[in-house]
Amino acid sequence: MTAAAPLQEELRELYRDLILDHARSPRHFGKLDDASNRAEGINPLCGDKLKVYLKIKDDGVISDASFEGSGCAISVASASLLTETVIGLTTDSALSYVDAVLAALAGQQKDPADVQLGKLAALQGVREFPSRVKCATLAWRALNAAIHDDKQPATTE
Amino acid sequence: MTAAAPLQEELRELYRDLILDHARSPRHFGKLDDASNRAEGINPLCGDKLKVYLKIKDDGVISDASFEGSGCAISVASASLLTETVIGLTTDSALSYVDAVLAALAGQQKDPADVQLGKLAALQGVREFPSRVKCATLAWRALNAAIHDDKQPATTE
Amino acid sequence: MNEHSQKLAKPVTSGLRDCRSDFPALDQEVNGHSLVYLDSAASSQPPSAVISAVAEYQAHDHANVHRGVHTLSHRATEAYEGARDRAQSFINANTRNEIIFTRGTTEAVNLVAQSFSRPTLKPGDRILITHMEHHSNIVPWQQVCEQTGAELVVAPIDGKGQLKTDELIAQLDERVRMLAIAHVSNALGSINPLREIISNARRFDIPVLVDGAQAVPHMPVDVQELDCDFYALSGHKMFGPTGIGILYGKEAKLDAMPPWQGGGDMILEVSFAGTTYNELPYKFEAGTPNISGAIGLGAAIGYLESIGMALIERHESEILAYMMAELDKIDGIRLIGTADKKASVQSFLLDDIHPHDLGTILDHKGVAIRTGHHCAMPVMEHFSIPGTARASLALYNNRDDVDRLTEALLVAKKIFKK
Amino acid sequence: MNEHSQKLAKPVTSGLRDCRSDFPALDQEVNGHSLVYLDSAASSQPPSAVISAVAEYQAHDHANVHRGVHTLSHRATEAYEGARDRAQSFINANTRNEIIFTRGTTEAVNLVAQSFSRPTLKPGDRILITHMEHHSNIVPWQQVCEQTGAELVVAPIDGKGQLKTDELIAQLDERVRMLAIAHVSNALGSINPLREIISNARRFDIPVLVDGAQAVPHMPVDVQELDCDFYALSGHKMFGPTGIGILYGKEAKLDAMPPWQGGGDMILEVSFAGTTYNELPYKFEAGTPNISGAIGLGAAIGYLESIGMALIERHESEILAYMMAELDKIDGIRLIGTADKKASVQSFLLDDIHPHDLGTILDHKGVAIRTGHHCAMPVMEHFSIPGTARASLALYNNRDDVDRLTEALLVAKKIFKK
C-alpha cells in the first residue's frame, strides 16, 4: 500500500471536498415548474441520465436553473456546480462556459482570458480518470441542448 | 520438382488407370426407367449430387443398377464401380459391400474374409487425400439409402 | 477439499491456485497494483491455451471452411468442426447437429425468437420469462411479442433475488408457448431450479430455452439431463474469444425450424426459382463463420475439461462463500442477491456511494469490478436501485482477491466519509 | 510502374514483393512444396500485425466493452471504438455512427433485408439484383420477398461475365425498392460500374446496397463518392480475423430503421412496459460484440493503409493480367469471366477435368485454389457448368505464384491425358 500512496492523491484530486460537498448536497436539485427550456442528457454507455431545466428571460438571461436525475458523485456535482454557474448569465456566456468546461475536461488549453472556470476547475481531477470524463460532461451537454431547445436527448457520445 | 517426385506417386495412386477409365467412361450411367428403388446422395460441403437407381427383384436380388449426376473423377468412378459390383448381388450382400467400402476408405481393417473388395480396392488411393474421401463414399451412401428406400437424400456428413 | 475447508484460513484448498499463471492478463499491474479481476461475469480472461490456439490457427491453418479441397481449407474445416464436436460432448448434446455456432448468447436467443417463435405465435399466446433475466433474454421476446401480438409474462422474484418458483409453476398453462429462463442470474448469482421447472413445463408441452451464459463457466451442464429444448451460451464468458457462442437445440426442434439468416453455407442449391436449404447444423450458419472464434472456444472447453467442472464448481462456491462473509462484515454494506443457491456473483451497495464511484476507487486499487445495471434493469427496478457494484468470480480467483476487494472498499468508505 | 511493366519479365515492379514475409501462413510447405496461396477470394491470410493485435489484446486488455469503469474495460472500449474510427476513415464514411460491426457481409445483407426492407415491402414492389451475385446477396432477398410478397428481379450478364449495364438501367423504375449489387464478383472478378448505376438508381430514389466483400481488399473504396446507401464487407477477406465485418449505412437511413436483433448494448432502457433503443451505431449491435475481431480488423486496415490501396490495386492488376495471359497459353483451358474491368479473380476449366480433381492435384503441388460453385450457382448455371477452378490474388501474390499455378496445371493435364 505504501508504494501506491502517491497514487491515492489522484483519488483525492478527483473526489475533492468541493465535489463531495456538491454530490452530497446538490444545489438547485429538482424540477423547475416554470422552466422555459429543458433537455435530457444521457450517457448511453453507462445509462446515466439527467434533466436540466432553465428559465430564460426575453433578454436572454438565465434567471433560474435546476436539474434532476441520479448519478455518480461526479455527474451530480458537475450538474450542481453548473446550476450555480449559469444562473444570472446570458445564454451566450453560458454557452462559452460549456465550451470551456468541455475543453478543460478534454485536456485542451483554451484562452484563459475567455472564461474563468473558478470553482468549476474542481472538475479537472477527472482528467486522470478517462472512463469518468463523460460523467463530468453530461450536464453540460444537456445544458447546451436545453439552450438550443433540442428535442433529442443530448448524449456523451 | 525432383524432391517432390515420390509424392507424385500418391497422385498416381489416387488417379489409377482403372479410376480414370471409369471416370471417363462411366458404366451404367443414366436413369433406370423401371427402377424399384432410388436415392439421392448429396455432399453438402462441396455440393456434389448423384442419384442411384436399383431394380430389386422379389427375391432380393439387384437385377440392374445405374447412376446419374455430375461429379469429380473420384465420385463418378466410385459410382461406376459400384454399379458393376452390385448387379447380381442380393441387397444384403450389397450392404456388406457398403460397410466394407466405407470401412476401407476410413482406413479401418475389416475382416478380409467378409467381402472381397476386388476392383474396389482401387478406391483406396483416396485415403491419402482426406478432403476427397467423401467423394468416394457418396455413391455408397446413396446405395445404402436406395436399398432402405429412404426419402431423404443421403449425405456424406 | 472437505467440509471444513471453509473454516480454515486463507490457503485455497481446491488445488486450483496454480492455474492463475495460465492467464496472462492476470499477471499485470493496474494503477500500480497487481490486477484483481472480479469482472468475469461481464467477460472472462482467456488462458494462454486459447490465445495461442487462435494465433496458431491464424498463422498456419487459416482458410475458408467447407467446400475447399486444398490442405489449409481441409485443416481449417477439421479444426472448426472439431470444435463443434468438443462443444457437443462438453454440454452432452445428443448429436453434433444440435450445436449451432452463433456470435453469442444474444444471437442465440434472437435466432430462437425469430425462427422458432415468430412463425407460430398468435395473439393470446404467451411467452414466460422471469424478473431476473438479462436484457438479451428479454428484448428479443418483447420484439417477437410486438411482431405477433403475443403477450410477455414475467415470473416474480423475492427479496433475496430468488425466483418464486411456485408462482412460475402456477403461471404455466396452455397459453404459454415459450419459457425463457436464465440458468444463473448475471446480476444476482441466483441458480434457478431448472429440473423442477422444466418437468412442470413438459406437462403443457411448453418449449424451454435456457440462457446458460452465466452457468457454463462455473458448473457442469448436461443439456440432456436438463431436458431443455434450447440452451444458449457465450464463448467470452467461458474463457474463449469474443464473437462466438452456441445455440444448442434439440434436433427435432431445429429440424422443423426455417432458417433465419440467408447466405453462403446455409444452402444446398440456389437458383432464382428457389433455394434448397442445407441440413443441420449448417442451415443456421449463414456466411463464413467465426472460424478462429470457434477454434478458440474449443480450446477453452479443452482447458476447462482438463481441470474438471466439478472441481471448478467446488472451488468457486468456497470463494463465493468467503466473499459474501467478508463483504457482510463491512459496515454499511448492502448485499443484493442472497439466494440460497448461488454461483460466482455478488452485487452490493456501500453506504450511499454511487456504484460508479466505488468502481473508480476500486480500479485505482487494481480491483476490477463492474458497476451499473448489468443489463438487468428489471432487477434494479425490483430492488428500487439504479445499479449495483458487482464482484464476480471465476476459476482463477482466490481468497486474496477477496481480501483486496474488501480493503479497497474500506478506502472508498474513507474517501466518502462525511 | 509504368504502362510497359506488363511486358517486362518476372520481377515485380510495384515494390510489394517484400510484404510476403508479413504473412506467416505463406511461409510453410504444403505437400512438400512451398505454399502458393491463390484462394484469397474465399478468405485471405492475416499478417502478423493482425495476429499479434488480437493476441496482445487477449493477453493484456480484454474485458467487456462499454459500461465498464475499470481500466481493462476502458482499454477494451477504446480499442474497439478505435477500430470503428479506423473503418470510418478507411471507407470514408461521413460519421462513425455509420459503421456497424457485423459478423461479415452475409450478416450485413441480412440486417438490411430484415430491418430496412421487410417492414416496408409490399406485393408489387421489386428487389433488383444481378445474375453474378454471391448467395449471400441473393438468399436474404429471396427470404424477404417470400415474407412480403415482393418480387426478385435479376439483371443479366453477358458471355464474358459482365453485367449488361444498359439492361439493368432499363430495369430501374418506381417499383424497385432496393438494388443490391456486388462491387466485384467473387466468381468472375468483374468490376461493376457502380457510379453510373447508382446515379441512375437515384432518379427513382432506389436505395442501393453494395456487396463490397471482394472490392475492399483490392482497391480504394470511398462510400461517399459511390453514393451508395449501404456497403457490406467482411474482415476475413481483407486480412482481418473471421467473425467480423461491417455494414456501412447512410446515417439517415440507419436512423430510420428499427433495430434488428435485441439484447444487451442495443438498448438505453428496458422495462417490461417497453424498451428504449440506443442510438447509432449501438442500436444495431446487440449483445457483446466480437471485440477482438474488430480490433484485428482495425489492425488489418492499418496494415493496408501503411501500404496504400492504390499501390495494391496497381500491383494486383499487373499480376492478374499476367495470370490471365499465362493461363490462356495452356492448351485446353477455358477462362470463365473475362470482363474488361476485373479484379483479383480468374475462374477456369481445363479440358474435361473436374475442378475438384484439378484442386487436388494443384494442392499436391502446394498450390491452393478453390473449386466448385463459389456460392454463385446462378453464375455456374449461366455458363452451363457445375463449377470452376478459381485462382484469386491478393497483395502478397506475385508472378512466381502464377508460374507455379500453370506448372501444376500441366501436371494435371499429364495425369488426365487420354
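Letters are used for the chains, namely A, B, C and D, taken in the order the chains are written, and counting of residues starts over at 1 for each.
In this section, contacts are C-beta pairs under 8 Å (C-beta built on N, C-alpha and C of every residue); 3 or more make two chains touch, one makes a residue touch a chain.
None of the values given here were measured: they were computed from a predicted structure.
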Most distant chain from chain C by Cα centroid: B
Pair sharing more residue contacts (C-beta pairs) when A-C is set against B-C: A-C
Inter-centroid spacing, chain D versus chain B (mean Cα positions, whole Å): 37
Between chain D and chain A, distance of the C-alpha-averaged centres to the nearest whole Å: 45
Two or more partner chains touched - positions in chain C: 31, 67-71, 73, 269, 356, 360, 363, 372
Two or more partner chains touched - positions in chain B: 46-47, 131-132
Residues of chain C defined as touching chain B within the complex: 66-71, 73-74, 77, 268-269, 278-279, 282
Chain D-touching residues of chain A, taken from the complex the two chains share: 42, 44-47, 130-132, 155, 157
Touching residues (chain side chain A, partner chain C) in the complex: 3-4, 7-8, 10-12, 14-15, 20, 24, 46-48, 70-74, 76, 129, 131-132, 135
Chain A-facing residues of chain C, complex: 31-33, 353-357, 360-361, 363-365, 372-373, 386-387, 411, 415-416, 418
Partner chain C, residues of chain D touching it in the complex: 24-25, 28, 30-31, 35, 37, 39, 42-43, 45-46, 48, 50-52, 54-55, 58-64, 67-73, 103-107, 109-110, 113, 134-136, 138-140, 142-143, 152, 154, 234, 236, 241-244, 259, 261-267, 269-272, 274-275, 286-293, 356, 359-360, 362-363, 367-372, 375, 377-378, 381
